[in-house]
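Next, two complexes with chain A in common: one pairs it with chain B, the other with chain C.
Up next, the complex of A and B:
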């Protein structure tokens, strides 16, 4: 089984640049908003007070005490225990006691069975831990303020950010404890629930992905405009993830791998290619007979081209192709013997993939073919997925604590829930609105619609969306206004983290390791990128808040 | 500000506003007062007079609408001032799931104290407030009096120079109230400055050196308790019990000097003293009880 999405390596430098830009814009907007508000509220003394508070922020930061933070986190931890947080285990236990009845399917393939169990465990943990983290963090501070227990804390030399950090650490610790126990139980449960014969399927495959491009039936790798073909043939899907190559033509999908280190290969030098392609048949033919596929290894620098032995594509299955086992000797198109090391010189490799069955099509997307490195233990992938759930829980905790700094419990819960729901369910939609990339894997497909003013104009004038607006002053103004609307949308979208990224179940359930560059690093960066400003917002909200205000 | 002035307020005003920023109530109006080092200062006034608002402004829990507050030479919003302040709130808003030792340890950690100092001070303070027997019980099991005591202990964990007590004797029985007042006097003897607000006038009279009386958010009276209570038009002479003849002679002497005798009587003790005496005697002699005089009833020995 391959992934249903395209794992793309995260560019940390680009991410930091983007984050820095957003932070700068937000900081400038927040500063000027605060300046105007302070002027309106307190006259000329207002801006002075604003600068005093900003200066106080740096002073407070300098006076941070780890002991105070830990004392507050320990208090939070005890408070959470007192609130019967551990009752969540009861729900967890009930689910796990009876899940086996509904999930076990002796007729299913081993990999599907593993997928069901792993998905169930990871999703259950995720759905149980998040509400607990959300409710605890949203109600903690408001309840403390309501009960006035916080008064005995803030009248000590406690900086307000220490309260925020202490709360976050405390809730994260209790959440971490619950998560740790649940994940350990879940791991044991998966192992015990699976029959002995299926346990070999519990693994963490390590793929090396390449970039994909296509060659058309004519053998051309560029379109009429000179753009590289990044899509093959569309067989009629409106929402196309895989595109197709036609059998027995010049049509090819070409994967370019740039980081295949021979030393990291299976058995110290065995090239293993794993694929899972989709077949599209234009005639029924012999349904028992699978479509034929052929790989050709290419090193363009050394001008080497080694066609490999063709194989039958097993649909909806993992097709593992051990190059050395299938091809005792590698020979290029001239019949010259080639060493694998020569092909992999500089870690670069091209794999051309062709369909050999006439008038049939093979569908491929970037993650459908990868170089498989030696597997890691299942526990590695499993606990990386757990770590991602932990990161998401941490973000929910920080968000909840931040909301609790300026809102009452119920309102803080609503706000946090809203951000989590949008972040989990509507982030793709927001991305589509802002980036214009309707098909996220295809950078050349641009947003075909228009902005709100443009759309309004077209509705009123009965103008079709396909017609471009002329270059007139009115339309330039409309275009400018629409661009501003897009900027506002971009800012709004930046406020909602993409929580779907933290669901790495698909990797683990499909027996993949959770990759560092594609999943762990971006998720860590996103958590840090959102948590830091949320803590700052929480700190200033608490600092500027009259705790005794009537 | 003179070196011995611990608290200084100038034109301190607090107006509570509603959500829309409209004035709701003027809780404090142009309060200007000084509290000096080593004194016990009382803030008096009826409910809603602005006593607690003043304390909260001093502590930075509220922000002044106008005016200035300086406390231990620092602004009320400066968190570092809290290192030398102890605060006992009106209700003991402590964490009820902690026990006495954990409570003091927690607050000690907020003052960044090392563990050995926290242990030593917690032990000493628990003894001082008389909670040794209940040091491992959760605060939710404490009586009101015990809660006030642990509240005072947490206010003293940092050995503060300035102690702010909001209604320190409220809800306490007479013995608890006396103990609390004794502790306040002892704190004064140790050189600490104590500011207490209360509407129990007798308590304030017993322990305070100076008072300020607030009403409707305004300062009405300010000065030394003795000076404010002294009636300059009356002279009081206390002696041991005099025979009737001697009383007559005294009256004659007073009449000769043109003084009018307003009252000659045996002084009475107050109810608090009587109550404490009774309870202490009861503890010393268990089984002794009151029985009304009558046939067959003899007071217990």
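Up next, the complex of A and C:
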């Protein structure tokens, strides 16, 4: 019941800066490309026409009428209903009616069962809503143009961008309606389908994550180059997400929490630490006893160090450690009694984690230990996940409408589908290509030779990707060329939004709330960041499109 | 184009439909099962009859799972692609230790491949052995062993004509629970599940419905595997038939041996061996096995006198080896270790053997709790009795289990002597085993140390 990835808080200011830069570059490139094209196509009159269109475009945008947009969205909504959109409910109903066949008795373990049910509902909703949104949005405008029914709209006093926005709002409204009903049914279904005894597992844990660093088994917290140790020991697990601390040595994992507000803690001040570490045994030992783990609370400002009572680690389970319940009185290493409030002074807290079982290892990654705040109702996490599906649907709608502005229905569908598939299934691969970092596994492991020429050289010389190229002129040239290639690849990757980010099932299914800073905010920002330029592209495409041409 | 009116055309189409329906009905009418004495049912159309004749219907293979059939129909020709994707998912989920998803994915895979025995075998084994070993808690490991057993059982329901999955169910119930490092806990959990909230201190009825020893439960699964092969005439593809059919009796031997390992040497254990002897000699031993090169069926239970007569007869007929029944009986007996188990199970029913085992076991327990005087006494008595019985049945002296037990006893006995700084005497019981097998001392010592750790 732990996360298999590291949730990192989104820096909005950085994101905006990055987005602004990219948009500026794209706008400049687009402007000059259009300028040259118009010059070649129409001579000196070309640039003039370009400025006229741009000026007209900005004038249109400035005169946007919300009333007209809403009227158009109403029209779109009705049209979607006429196209039998709501038939998707029939598929939904059939799936849920027979879901019991596929899911019942898959496993009787409460943690695992809850995960299966929640995942099933969220995935089903996600996979049903996307095709509906995609088909509606891709075929709407092209069909209207083909049937010439758009003529009845464009001859009215509406601006073309209002048509685009109206379409988006209309399709989003019908999608939202379908999503709302599905999510409500799904929520009731989960609650009814799960046995009474398992319903307590339906919750939304609220974690406060810290930053992790390691101390090796000789007590060193830096490597030979003087860098802080960000990894523990590798015990040979294929999945390198977690690294290990060795038992009964000076090896430690240290979490630093910088935002622990005592007022927000459980029961108004009870510190609850929750962990899910992995066990690695070098010998069997007493198999009826689990490996021992000990937390030590540290306030470095006040030079306080309080070792807590050790506990047995239940692997792949939630290990909830209520500090006050396990330790009726807190004493520092000198035996002096310490109040929890003293330790938490300034909202900063260090938790040193040690394995006490000799020659055994405990594996951990950053999200494996957190300060647990009071839980929120399951509905909060669930509907946040639904909201994320809604955001993804909105992006697909905008993308589909934009494609429909300059392509015919089937081609627009293929383009949108391609972008969605790459965004959902191949974004990790693109990330790996661009950054050289291996997804799913250790985020710190980076392969050398991510560039094409470097890779070619390595293939021909049988050089492994773990070895860096020597500092020679030839290799410097190769590096430079590869960097240019990777920059182009980076630009291509940026054209595809990472739709996997909208799948927040792992949070909800693992009984976590969907965090604001790590998931909701970046997803909102990404939706806005992509939708805005897509709408502008859609608008100019429709503005320049000859509607008489089917 | 033609002079027919719209109505006439429609009537013509209707007539065509009716005409086509006649052969379709004749071909495709489904069979109707008999309901009670009054209704004899119907054999159905031509296709239904042929399907029944050649056993081609899905229901002939086992229970029909509506979810599985629905999935396969809905996927049209894409079943292979979907299955591949699911297998890739399963591998990735296992790598990421996402057990809930892995379990759900295995269920999806078997929906698509319900009659592919290797899928059931692979994933059942994977759950019972690989996934189970990933968990640190013994109770958690037991949970996954049970998941594997349940998976095999479910597979058997879908494939009732085949003995393989019954055998795997028995094998996992017997070997995984009774022979793994966690055997002590697993055997206990098998009768009293650690999930007290669900099973109230009793066994999980899905894996142990009769609340009995795991080896007895396994024996029943092995027997059902044999019966299934007999009933449907479809031979399994795991091992030679004469080895496969031995498993019910072998499981009975395992049960008796497990009782001894756990320190039970009374009547129950002797009865268990006696039951094993009966099963081995009167049931398995009398089972006929096809011997292709001989051209007829043979059975393994042949007494010494019968064998001598058989050899004399064949020598008189001047038959070559490949045509002698005695040759093939001997060969099959060697492969199955038939004579050893026959002698062993017979010996184990004897009181002297039971006492020898008990003395050696008690000696070891006394040594582990540092009661070296009692240990030495028990060891000495046990070794004497063990030697005596082995001298009565010298065939057993070359068998691994006997040799190892003799060396194991001497390791404990020698430690008793070391504790009082006493030299090993020139002559002592079971000495011949110690001298004859010096290469085995190391491995048996490891076993001794393992038992010592387990006793703590």
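Observations
Throughout what follows, the second predicted complex is superposed on the first by the 505 of 550 C-alpha atoms of A that agree within 3 Å, B and C clash if a C-alpha of one lies under 4 Å from a C-alpha of the other, contacts with A are read in each partner's own complex, and residues count from 1 in each chain.
By our rule, a contact is a pair of C-beta atoms (placed from the backbone, for glycine too) under 8 Å apart; a residue touches a chain by one contact, two chains touch by 3 or more.
All figures in this text were calculated on a predicted structure; none of them were measured in a lab.
Superposition note: with chain A as the common reference, chain B and chain C can be accommodated side by side. The vertex angle at chain A, taken between the C-alpha centres of chain B and chain C once both structures are aligned on chain A, is 120 degrees to the nearest 10. By the touch criterion stated above, A:284 is placed in contact with chain C alone, chain B being left untouched.
By the document's definition of touching, of the two partners only chain C reaches A:116; chain B does not. In the superposition on chain A, A:329 makes contact with neither chain B nor chain C. Of the two partner chains, neither chain B nor chain C is touched by A:461. Remark: least CA distance from chain B to chain C after fitting both complexes onto chain A is 24 Å. No residue of chain A lies at the contact with chain B in one complex and also at the contact with chain C in the other.
Those residues of chain A that touch chain B in the shared complex are 41, 56, 60, 63, 65, 67-68, 70-72, 74-75, 78-79, 82, 147-149, 151-159, 546-550.
On the side of chain C, the complex with chain A involves touching residues 65-67, 70, 95-101, 103-104, 107-108, 111, 135-138, 140, 143, 147, 181-182, 185, 197-198, 456. Chain B meets chain A in the complex at residues 16, 21, 24-25, 56, 59-63, 77, 79-80, 82-83, 85, 87, 89, 91, 93-95, 97-98, 106-107, 109-112, 154, 158. Listing the residues of chain A that touch chain C in their complex gives 4, 98, 101-103, 106-109, 111-113, 115-116, 119, 197, 238-239, 241, 278-279, 281, 284, 286-288, 290-291, 313-317, 440.
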